[in-house]
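To keep things simple, chains are lettered A, B, C, D, E, F, G and H as they appear, and every chain counts its residues starting from 1.
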Amino acid sequence: MHAESLRVLLDAVRTGQTTVDEALRRLETLPFEQLDFAKVDHHRAIRCGFPEVIFCPGKTTHQIVSIFGKLVEAGGNVLATRATPDQFGAVHGAFSSAVYHEAARCITLRQLAVKPSTGFIAMVSGGTSDLPVIEEARVTCELMDQRTERFHDVGVAGIHRLLSQSKALREARVVGVAAGMEGALASVVGGLVRAPVIAVPTSVGYGAGFGGLAPLLTMLNSCAAGVAVVNIDNRFGAGYLAAVISRIGDSISK
Amino acid sequence: MHAESLRVLLDAVRTGQTTVDEALRRLETLPFEQLDFAKVDHHRAIRCGFPEVIFCPGKTTHQIVSIFGKLVEAGGNVLATRATPDQFGAVHGAFSSAVYHEAARCITLRQLAVKPSTGFIAMVSGGTSDLPVIEEARVTCELMDQRTERFHDVGVAGIHRLLSQSKALREARVVGVAAGMEGALASVVGGLVRAPVIAVPTSVGYGAGFGGLAPLLTMLNSCAAGVAVVNIDNRFGAGYLAAVISRIGDSISK
Amino acid sequence: MHAESLRVLLDAVRTGQTTVDEALRRLETLPFEQLDFAKVDHHRAIRCGFPEVIFCPGKTTHQIVSIFGKLVEAGGNVLATRATPDQFGAVHGAFSSAVYHEAARCITLRQLAVKPSTGFIAMVSGGTSDLPVIEEARVTCELMDQRTERFHDVGVAGIHRLLSQSKALREARVVGVAAGMEGALASVVGGLVRAPVIAVPTSVGYGAGFGGLAPLLTMLNSCAAGVAVVNIDNRFGAGYLAAVISRIGDSISK
Amino acid sequence: MHAESLRVLLDAVRTGQTTVDEALRRLETLPFEQLDFAKVDHHRAIRCGFPEVIFCPGKTTHQIVSIFGKLVEAGGNVLATRATPDQFGAVHGAFSSAVYHEAARCITLRQLAVKPSTGFIAMVSGGTSDLPVIEEARVTCELMDQRTERFHDVGVAGIHRLLSQSKALREARVVGVAAGMEGALASVVGGLVRAPVIAVPTSVGYGAGFGGLAPLLTMLNSCAAGVAVVNIDNRFGAGYLAAVISRIGDSISK
Amino acid sequence: MHAESLRVLLDAVRTGQTTVDEALRRLETLPFEQLDFAKVDHHRAIRCGFPEVIFCPGKTTHQIVSIFGKLVEAGGNVLATRATPDQFGAVHGAFSSAVYHEAARCITLRQLAVKPSTGFIAMVSGGTSDLPVIEEARVTCELMDQRTERFHDVGVAGIHRLLSQSKALREARVVGVAAGMEGALASVVGGLVRAPVIAVPTSVGYGAGFGGLAPLLTMLNSCAAGVAVVNIDNRFGAGYLAAVISRIGDSISK
Amino acid sequence: MHAESLRVLLDAVRTGQTTVDEALRRLETLPFEQLDFAKVDHHRAIRCGFPEVIFCPGKTTHQIVSIFGKLVEAGGNVLATRATPDQFGAVHGAFSSAVYHEAARCITLRQLAVKPSTGFIAMVSGGTSDLPVIEEARVTCELMDQRTERFHDVGVAGIHRLLSQSKALREARVVGVAAGMEGALASVVGGLVRAPVIAVPTSVGYGAGFGGLAPLLTMLNSCAAGVAVVNIDNRFGAGYLAAVISRIGDSISK
Amino acid sequence: MHAESLRVLLDAVRTGQTTVDEALRRLETLPFEQLDFAKVDHHRAIRCGFPEVIFCPGKTTHQIVSIFGKLVEAGGNVLATRATPDQFGAVHGAFSSAVYHEAARCITLRQLAVKPSTGFIAMVSGGTSDLPVIEEARVTCELMDQRTERFHDVGVAGIHRLLSQSKALREARVVGVAAGMEGALASVVGGLVRAPVIAVPTSVGYGAGFGGLAPLLTMLNSCAAGVAVVNIDNRFGAGYLAAVISRIGDSISK
Amino acid sequence: MHAESLRVLLDAVRTGQTTVDEALRRLETLPFEQLDFAKVDHHRAIRCGFPEVIFCPGKTTHQIVSIFGKLVEAGGNVLATRATPDQFGAVHGAFSSAVYHEAARCITLRQLAVKPSTGFIAMVSGGTSDLPVIEEARVTCELMDQRTERFHDVGVAGIHRLLSQSKALREARVVGVAAGMEGALASVVGGLVRAPVIAVPTSVGYGAGFGGLAPLLTMLNSCAAGVAVVNIDNRFGAGYLAAVISRIGDSISK
């Protein structure tokens, strides 16, 4: 190990086997990055609560089960996204504690004890088609120990449904919003709450929606301050970001 | 004139000076469009209430006053858009009944008697920067005999201001909405009223607003049914369209 | 029910069981939106004539029949769009009064008495490929009690076919135009009539048509005033908008 | 006041002057939004720490001083952005405690006592041209009581400058990144820290940068999780968002 | 027939059964377009040499044979594009004189006598993938009686192949060029000849070719004067245009 | 001169001073292109009728007069485009036979005898703003000996004005069309005539016209066959192309 | 052959059978390009080391084997790209020395002796999905006799992995970088090395990646000098370019 | 200094003042990046031959002279780009050996001895407007000790001018190509030479050139292999890249 080779060098300096100049020369040509390697990876582990996410599309069931197994061995929580019920069946056959989240189309397996957050993340979606997007974000948050609450089917075309829940919404520490079509929901929510809003445009829509470009531009141009945007259909990313922000409010926050 | 030459031809048929075959041949080679020429122009006059709009930018004050004079002679109402106070000064010097609409930056001169509409058009704008756009639309409507009511500064970032006027809004026969930034206002208004909504995206904004592209896409993808869109910053066009729709409800409607 | 709980509170005030201060406190913390909930939904019902549209693609035949059934129970007119003949077969098996509109690919079932409109909506399309678009719009209008007339295959490349019907066209209260390729039809029609024109760009075309972008831009930039645009291929939306506008001219108009 | 009119109604119910049915009717037709009006605005005030930001471009010096005065009277902290030294001169003449932030081109005037945050926000910029952007964001954060630290001129073309500060960077509670050209800085920073990253693309660049589109797309597609994006050149918005997120970690956080 | 009803009217004028005023009134309300109807269609027939083109994709073999039959009956030359060998088999079974052009994937059936043009059209393509495009254009020209010559596989990456044929190229009356990838061939050819160049961008390419956008822009920005552009992959259109231009040089030209 | 050095070489072969092998070697290493150099340039001269066009913007009056002088000396016709009246004044001072075309903003000086074409080119424009574009094209054609006829202000919003001239239009050998806004004019004209149509989109318009992109796409997607497109605002190019095509019909055609 | 006909002509001059003038005339009308034909092709062969690449998709196995055979006969190295294992099976059956590169999905067959380069090309990729792209580039380089070294999975989200190899990276003569998502890797690598960087954006990504547009723009706007960009997914092109550049450093370099 | 503090630490280990464990702990927490800092910057200096380029637009003459002075003191060659003659006047007043390159609009001052390259870089431009772009690239190369040769005004519309120099072109070690309009020159040059081609699209053009987008796409889609692309108008970047590649062939190459 690296720390060991450093110790050997310093011992040599201490005993006079190596001169200071020689040690200096060797230290300066040491590939500097190796010093930080383990530490950074350690940070990564702390950061996510799970080292890697399994993106199921394009993988065989065998591959999914196999990767799943390796992540289980690693000891953290495990997340597989865009999983079909059949793929879950195979995973569940091998790991009986794996759980399927149908709306989110995710498989999770929790191995770390839950440290529930003191606040909650509101998960808001406009229409039925946006549901899988916001649900994957929600499952991600939960696996990262953040409590969540659902506010589904509260699109701006029927603004009263959203407003009837605005009080509950205002109590959230972070708000995630998934919306396709014109994506106006993020702006309206941004105007109702003082918490930061994580907006994820979805590719739901057609024609001049241009595969999610319309809600993306809408969200970027939001007249409400406090709205942050992630990539179109970036389900996991939205959840991860919301969870990282929410953690700031927990005692373990930095 | 054309009708006259037709009469001459028919008289020649009647008196035998021209055979039927010859008349037939001449009628068939007549440029058919001329038959409809006057009628169409007559339609145009009925349609607008004023035959032509003076777009002031790029014209000299002298040109504006001169064109204004010709339109006054034509006898209809006159509208000059994007006029500066100085340009109005010159017009007013020549035509003392000309009126300046400061917020709309329009000059109008009414010559036809007002036939006030039975319903009204709600003119809704999101922010102060959108005001000139909606005001030009509003002045256009008024000159076309349509009553209007203003709902200004009711952007979605402070949704309560809009909602506090939703009852009044619901009474409008037509609703015009001007919004820049992300343009979400059109969707929210579209969800509140049952009247048709004429949405005009404005180039107010910056960055990923791309000169009005963002609110344009937002409005085209509106999840609320009943929203019609016109070109970016099409102030006069939005007003003209709203008025033409509103007229359907008047007794003089087609 | 909400109105009931309000009555209970007021009764308590009346009988002295609750003080005015206590009632005041409870009223102020009442989620304000609930007050308006029913009313808005009622508005929605009035507005559409049918509460919800069934978009068939991506649904199983079983799901379509099931949702259809629920909407039938709700008592309004029912509309299912983009339906295949097979899907209609299943629906018709369950609801014998359901009707299939082949060109529009829609299933309708009328439960409300027809209140025929006093004016009619002209439905204009450029080419054979645009037919399904304009027909779905037309069926939507008819189900909303608006009379319609067809003007099919009158594209601008053979302008005489359009012009030969311009007289009839001028009698329409509203004109709907569906056109793909370059979408010039909307401008030409807009120059012929004084009624408002609802233009729906279609994705018919190829190459630099960019999936409907070309006719969309054409229609937005129309040199004819009075043209309103909806999203690419927004068939139902064009019909709904045209019907809402046309209703203004009926006695039942707002 | 509204609460008063409610009391009058309830008193009338209590005394029998108004029947419950009548009260019910009046309550149901009450514009529901007014109930929430003051509260929402109160929220707004809490949320920002200053009710409104003065955007100087396009305003006369007289206007700026005048608006500045009104905001000072309102009692909160005041922020004027994109201010020239001359404009500051005039403001300072009227309000001697106003401060000019040269790099940020902002004027601030603090009226509320500072409640310093327990964590800090790292403000990272790639090149000299991005400095005004990140500095406006930083001044905004400071005025919202969030401590900040500067990490300037640490673009990815000389990655060692960034890495030499990665330890300090990792201690931030939130990281703001402004970058133009290709905008790769956000991804690299996102890979180094576990705090949320607020990325603001700048319009610095030329050619295929397309006015900020290139860094915008870069940031949206970041392969590092935990990166949130705001509009191109959205200086104030990035600062506001960073501050709102950072506040979650303070004792006063929601 | 229309001409007949006109004759009846004129006869009535001649015999005094109808007054001139009445005839005048009726003539003016006559839908003017009908006068020109037949003539225009007649023009169409002259113009194309075949009234309609059969675009095979999306049609059943039965439909293709059936439409083909109707066009054969109409007496002109018949063209079916994008036809498979199987589809040709069926057509050939019914019409033994139908010919299949394999490279062009077209079926033709000539019924009109050939009136060979005095000049020829050079058909130039850059790569093998562009061959079907230029060949459909070529077959179209031939069916319109224009002689053609092939210049295939003369892309700019091996400029000598093109230059070795530049003498022959310069003798063409019109030049058609099909090129995908970067589409530079049109500019180079435009610099070599004095004949007009009809450039058709093809969707051959990948990545930043954006489905033909790259060669389209290249051709529109050609630094060589005399280059006209048609839509991406507009095979028939390029051929039709080239033939219409080439006909100007024939004795039968207008 | 090159031909001379070739003659020297051949003379040396003839007299035996150079062996055939040596001559062969020297001929093969000769830069092949020089052989064709003069001929190609000669072609250029024939092709245009004037070797070079002076684009005035960005040039000083002195430069313009100086370049003009050189082109006069070359003996061909001279064309200077986008010239101001002042620039013409200076040119006219030096060359009294120079002519200014006010609408086209061009200066011409004819030195070659006119060989009038047997057909004419119709020059069609939609609105007043498109006039300078079509006029520069027209002046270019005239200088290339092609007769032209003007059809101005015949936009599609008032289709009768265009149709009333359709007979004259049908007699043109080539039709040039300039249109901004939505550019629908090209399609309508394309449907009326059998001559080839050269369509030039203009940057006249605003908002979603995107600097001429809208009419460009419209023209490329024209549903009328026989429409060729040149770059946005390519005034000279449209004229040059129209003239080159029209020449095919003259006796001097290739 | 051509050289022969030249010799015949010169012999005729020498013997007086042909006059110098006649020879001169014939030489000047000789198609100049033929002189250079063979030479250019010879250049091509030298240039690539293999005359043609077989792009397998869309070809039958039979076609691939057949073309492969022809190229083998031509005597150079042979490369077939995007080959499936099955296609390799067939090729290998016919040519037992053919080699399959699984990660690159390429088949190669070396016939020319290896002349190993003195320097090496570093092949850097960001993620697993970019592997096939960089591997095809690498195989291309190897077949062109350039040594390569792999630096895989060193994306910027874990910058330490890249930095730990920066010393080795700095020793490369040329660096190839393939990256999808946001494509930031090219900039970071460009900042670490002094060798030229060939950046190939990949279409790996989703949403606002727009099929590779995001990394393409990133790479074009790189703030690090020395970065050259090729088309999205241009695997072979990147390898070919890197090899051509690297060859400059070999003794056989031009 | 860092190396010094390391020495102090090692001395302390050697003398026993610090234990090995303590030294180990301190070394591991050392910000690793500092170890590499100087070295990297040293690399930078070697790499460019000049540490920084002065971009003149937006700087005062005083600023330019001042920065110029600092770079002169640093001892390397100095380059200032986009400089006006007046700015050069001021620089020359202070540094009499500064040289102005009029066509390139650059100021250079050479302080390092020239080590002329063994090969040369061909600098090719299409039109007069592209001249400043290619000249800045050329001056950059020269300052980096690379010989260059000019091939100006050899656009593809007059291909013979380019071809007449193709022999000289083929002798270059690297070829730089600047072209606006449609940018086809890069493909044609790429087909003529076996050296790598650095293509820089210029914003020269109008209309559908979209500020250089057209030649950018053309160059990225080049059908000739061996073409590398840099950003639109990236003059210095193209020169720097060409020089870095060319250096590979010099004895001092890496």
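We take it that a residue touches a chain if its C-beta (ideal position, glycine included) is under 8 Å from a C-beta of that chain, and two chains touch if they have at least 3 such contacts.
Since we're looking at a predicted model, the values are computed, not measured.
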Set of chains adjacent to chain D and to chain H: A, G
Path length in the contact graph (chain C to chain G, fewest steps): 2
Selected pair, greater C-beta contact count between E-G and A-D: A-D
Fraction-based call for chain D against chain B, same above half, different below: different
Whole-Å gap separating chain B and chain G, where each centre is the average of the chain's CA atoms: 60
Separation of chain F from chain H, taking each centre as the mean of its C-alpha atoms, in whole Å: 40
Distance between chain centroids, defined by C-alpha means - chain A, chain E (Å): 56
Chain A and chain B, separation of their C-alpha mean positions in angstrom: 50
Multi-chain contact sites of chain B, meaning residues that touch two or more partners: 32-33, 36, 40, 158, 163, 192, 207-209, 213, 216, 220-222, 225, 231-232
Touching chain combinations (by label order): A-B, A-C, A-D, A-G, A-H, B-C, B-D, B-E, B-F, C-D, C-E, C-F, D-G, D-H, E-F, E-G, E-H, F-G, F-H, G-H
Chain G residues within the chain H interface of the complex: 40, 43, 46-48, 119, 170-171, 173-174, 194-196, 198, 216, 220-222, 225-232, 236-237, 240-241, 244-246, 248-249, 253-254
Chain F partner contacts - residues on chain G that touch it in the complex: 3, 6-7, 10-11, 13-14, 16, 20, 23-24, 27-28, 30, 32-33, 35-36
Of all residues in chain B, those that touch chain D in their complex: 158, 160, 163-167, 206-209
Partner chain E, residues of chain G touching it in the complex: 31-34, 36-37, 40, 44, 201, 203, 211-213, 216, 231-234
Contact footprint of chain F on chain C as seen in their complex: 126-127, 155-159, 163, 181-184, 187-188, 190-192, 205, 207-210, 213-215, 217-225
